[in-house]
Every structure is written in C-alpha cells, then in structure tokens.
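A, B and C label the chains in the order they appear, each numbered from 1.
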Amino acid sequence: MSVGPGEAFALVVHRELRLSFRRPDQLLQPLVFFLIVTTLFPLGLSLQLSLLRDMAPGVLWVAALLSSLLSLDSLFKSDADDGTLEQLALCGQGLTVIVVAKTFAHWLVSGLALVLVSPLVGTALGIPGSVFATMMLSLALGTLTLSWLGAIGAGLTVGLKRGNVLLSLIVLPLAMPLLIFGAAATDRAISGVSASGALYFLAALCVFTCTLAPFAATAALHITLE
Amino acid sequence: MWTWFYKLASPPYVYGTAAALAPWFLGLAAVAIGYGLVDGLVFAPPDYQQGDAFRIIYVHVPSAWLSLFAYVGMAVAAAIALIWRIKMGHAVAAASAPIGASFTLLALVTGSLWGRPMWGTFWAWDPRLTSELILLFLYVGVMSLRAAFEDPARGDRAAALLALVGVVNVPIIHFSVVWWNSLHQGATVARFGKPTMVASMLWPLLSMALGFMLFYGAVLCMRLQGEVLTRERQARWVAEAIKS
Amino acid sequence: MNTPVDGLRVEKVHVWRGDRHVLKGVSLALASGQLLHVSGPNGTGKTTLLRVICGLLRPEQGSVSWRGQPISSVRGEYQAALAYASHEPALKGDLTALENLRFAVGLKRRVSPGELRASLEQTGVAACADLPARVLSAGQRRRVAMARVLAMNAPLWLLDEPFTNLDAAGTRLLMEMLQSHAEGGGSALVVAHQELVMARDMRSLVLTA
C-alpha cells in the first residue's frame, strides 16, 4: 500500500501544476517580463532590423535568463513559508524525488512557456523563421539546465531576506556557459553554419546538470530545513 | 593512520599548527618572491615582441594560478567539512575565500594593466581575463551566501555546498569562455600573446608562483587563527590562549 | 529505564544554535500506547527537540532511534511511521482542504477521497472539504491539520502546539483523538504549554533553561 517514487513524482507534479494554474497571473508575469525585456533592446539600440538580427540571439538569451531567474525564487519559497516544505521532507519519499518533481513542474510552466513564446520574440528581433527550430531547441535545453541551477540556488537562499538578489548573484555566473552555447547555436544557424556543435554541448551541459543538480538541490534544502 | 586526520578536527591543534607555520611560510615566501622579483624585473631579458611590458606576468600569472588554487583549496576544505562534519574545514574555507578573491582581483588588475600597452585598452574580453572575472563572481557569491545567514553554522554549510557546485563548474566555464572567444576571434585580436619562455624568464616565474603559494599559506594560517578563535570563543582553551 | 523495542528512544541529545546551548542532554523514551507531554518556558528548545526527533535537525551529540535502529539508517521506514504537525497548520492556501490532504497523505500511502472526507468528518470540518484553505478560519485550519494527522495512519504522532486556535470543543476532540490513538497502540509526543488533563496516564517532560 505504500507509494512508489514514480507515483510520488506524478502526485507532486500534479500538485505543482494545480497550484500554478490557480494563480494564472503569477504564471504570466515572467512571460510578460520576457517580452518587456526584449522590447528594451530595440528601444535602447536601433531600429534597423539587420542590426537587431545580429544581436538577436544574445538579446533573446539574456532576456530568457533574466525572466527565468524571476520565477525561480518562488520554487521553494511558498512551501517554506507556510510549513508544507517540512511536510514534504517528512513524507517518506526522500526530498530528492520531491525536488525533481517540483523543478520539472516549474520548468513546464516557465521554461517551456518561454520556448513556446520565443518565435514571437524572434520575429520581433528579426530572427528568420528557418532558424526557429534550432532556437527553440537551444532554449528548451538551456531553460531546463537553468531550472536546475536555479533549484540549487533557490534551495540555498530560500528563507533568506532578499534571497532573490542573492539567488541571481549565485546562479548567473554558473549560467554563463549556457548563454555562450545557446546564443552561439542560434547565431550559427542564422549565419547558415551548422549549429550542431553548440547544440551538442548544450545537451551535454543539460544532461550533466540534470544528473547532479538534484542531489545538490536536495542537500541545499536539508541545510535550509535545519 | 586516520588519527592525524581526526587531529585536524581539533580546534586547539589547528590553531597551534597555524600559529607555528605562519612565520615559516612568510619567511620562505619573502625569499621566493624576493628572488623572483629581482630576477624577473631586473635580470631577465626583455621579450623581443613585448619589450619590458611583459614583466607584469611575474605578478599576473602567479595571481591567476593562486586564484584558482585557492578556490580548489576552499572547495576541498568545504568537502571535508560537509562529508565528515569536521567544523575546522568550514574555518579553512571561510579563511580562504577572501584571500582567493584578492588574488583574483590582483590578476584582473594586472591583466588590465598588461592589456593597455598590448591592445591599447584596459579591457578587451580576453578569455583568460573573462574567466577570472567569472571566478571573482563565484567568490563573491560564496562569501555573500555565508554572510547572509544569521546562524553561522548554516551559513557555513550553504557556502560549502556552493563552493563545491562552483568548483565543478569552473572547468566548464573556462572551456566555454575559451570557445566563445575563438568564435569571435575575427573581431579583435586581443589574446595575451604568451611570450616564448626562455629559461631565464621561466625561473623567476616559477619562483614567484612558489612565493605566492607560500604567501597564500602564510595569510591563510594567520586568518585561520582568527577564524578559529572567533568560532570557538566559548571554549575554555581560547580564554587561556588569549591570556598567554 | 526499560528499552522499548517497539518505540522511540532519544538519548542525551545536545543542540547548539549559534552560541546558545539549546538542548542540553535531553533523553526520553516512548513505547507504543504511551503519551508524552513536553512543556517548558519559551526558548527551552521544545520545537527544536521535536525537529530533532523528526530527523529534520541533526544533533551535535546524542542519538534518536526508532524500534532499536538509529533514524538516519531507517529514514524511509521511520518517516512512513510518523505524522508531524508543526506549529503552523501547513496548508496551501490555494488548495482545498481535501486537496491539501490528498497531496500530503497521498505521498505516504494510497488513500481514497472517501477516506479523506471521513477524516475531515471526524475532526468536524467536513463542510470545509471543498473550500480553499485560505478562506478557512484559524481554528478550521488547525482541524484540517488534525485530520491530516489522522489520515496518515501513523503509529507515532509528533505534535507541536496542536491546541493553538482550538476552541473548547476542539480541545476536547483532540484529547479524545490522542486517547483513542494510544488505546489503539499508537504513541504521541505533544509539545504544549498548557496544562493537559487526561483520563489516560500522560507522562510529562519539562524542559528547563
């Protein structure tokens, strides 16, 4: 009659999704932020579409990074604040399963949402449609990796006053390789050169992070719960 | 066999050892740095490409090496503290962090100064300098995290975990930055042309590196004494050590 | 003191928080069918003790064992056997009472909505089952938390100030729950600063500064 890890994973994902969709405004805010930040660049730089296109991959990625960071703060915060995090820690499944489920659910509603909105932003920045597949794939891999890096950062900073600033300070340097490879993949695709090298590295980073980060994030939460 | 390892866990032992080692490290460091500076700045021949400007490598390169060495040292101490629950590991990590950050800053400043005669500008996103900059961010992150916790024990553990996550990422970050730089090579030709090393140039460099490492050891021991006393201020042996 | 093979044993636990020596060598034993009331002035470490027993906090010295094994080596089994109620009711405001129970208890054992409604019925908040927790009063939330403890079917209850926000009827209800839990072979450790008067023998541990 006991609950296996697969069932527990599904239950927690279900919980997270239900909680997210009960607050649709909070769901949309990072997306709107993404759109606003990408608008800042043309406003601040130039109207020429050709110039914008050169900067587009970088701008897209920086905007994606910053919007993801905004939403990462809430990964564990609400549960820590109302005491449900302790209940989850004591449910008998081990925190790692919980953390994997929560992070995955978080990516579904934030990272994946960004990926789906990216063609809109890409068009606004002059990225040609032929490149969209590469762009979206790189964003998908990148945001997944970022969710995991953010889970570690969130685990370490939940419960700290102004923890969200510290969260960004911790996560951004670790996310720089993502930015480099992700932007390069799109950039190369735009230039017509093969982007597969960059994509492979991005995928490797993703696998590496998804394998090790759950344990680091769990350890971080244990430190927080003490 | 493990008794010496567990001795490391004893604060009075760590304090005593640090106090004893510091003057030795300092003395040897002075000798090594003294020789390195004199030989490097005065006696080594000027580089055929860069002239006398290259001499800044005698400070820049050892600083960069030490900035990395200190981070790895901090991570090792953090790992020992987390895995075996040896609190002195946290003391060593806490003492190392500002020293490593200072070396990183020194590497960045000397790198910029070197860049001026080389590229005509103080900063040109050279891959090594960019990696050093990111390393500085990592140091600042660890130090800020430790300071943000009200309970110092939890702050130590959180900072230790972050140091470990960082050390795993350092090679990845460095590799990415080198790759990134090679992508955009066409735009600027701003790489640190390493002067081809003649023996007369190499010895002072190695001596400086050794000297910096000893200096790091000396400062670490001195800071460690302070850390141990602060952390163990409730213990009886501290009151007696301060009195003497 | 007899060693209860089928119960909880805490031996000489020391915990420091920064410079404060919060728990100074606390020991206790709790066999099945026993109830323990932990009390003491503020700041004597009652909540800390409870968190050490849960396994959330590792003590600097001392040990906690369950059925003869240290809790760190039987974590899954131990957690399955305990139900912890913290000082806050620990409910998600956006989920209904029933959903809160489902997502909490459902991680421990497979449970049907019918069973969960029955638990809510037992603690007198059946009417709140489909209301989001944020619209419930403090007393109702406490009762939902009690229902969660009931629904977990755990032999060991660890309750931190469970009487907070309960009216007289609620207090009586909780006392009855504790009584029948003990009669059924379960054990409970209750941290409460009030006087607890029970028909059944309740042992007492008072923490001092």
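Note that a residue touches a chain if its C-beta (ideal position, glycine included) is under 8 Å from a C-beta of that chain, and two chains touch if they have at least 3 such contacts.
Values in this document were obtained by computation on a predicted structure and should not be read as measured data.
Undergrad: Quick check: more C-beta contact pairs in B-C or A-C?
TA: A-C
Undergrad: Of all chains present, which has the mean Cα position farthest from that of chain C?
TA: Chain centre farthest from chain C's centre: B.
Undergrad: Which whole number of Å gives the spacing of the CA centres of chain A and chain B?
TA: Chain centres of chain A and chain B, defined by C-alpha means, are spaced 32 Å apart.
Undergrad: When the C-alpha atoms of chain B and chain C are each averaged to a single point, how far apart are the two points in Å?
TA: Taking the mean C-alpha position of each chain, the two centres sit 49 Å apart.
Undergrad: So how far apart, in whole Å, are chain A and chain C when each is placed at the average of its C-alpha atoms?
TA: 37
Undergrad: In chain A, which residues are in touch with two or more of the other chains?
TA: 226
Undergrad: Touching chain B in the complex: which residues of chain C?
TA: Contact set of chain C toward chain B: 16-19.
Undergrad: What part of chain C is in contact with chain A in the complex they form?
TA: 54-58, 75-76, 79-80, 82, 84, 86-95, 99, 103-104, 106-110
Undergrad: Inside the complex, what are the residues of chain A that reach chain B?
TA: Going by the criterion above, the answer is residues 152, 156-157, 160-161, 163, 166, 169-170, 172-174, 176-177, 180-181, 184, 201, 205, 212, 216, 219-220, 223-224, 226.
Undergrad: Within the complex, which stretch of chain B touches chain A?
TA: It is residues 82, 134, 137-138, 140-141, 144-145, 148-149, 154, 157-158, 161-162, 164-166, 168-169, 172-173, 175-177, 179-180, 183 of chain B that touch chain A.
Undergrad: Would you tell me which residues of chain B are touching chain C in their complex?
TA: 150-153, 234
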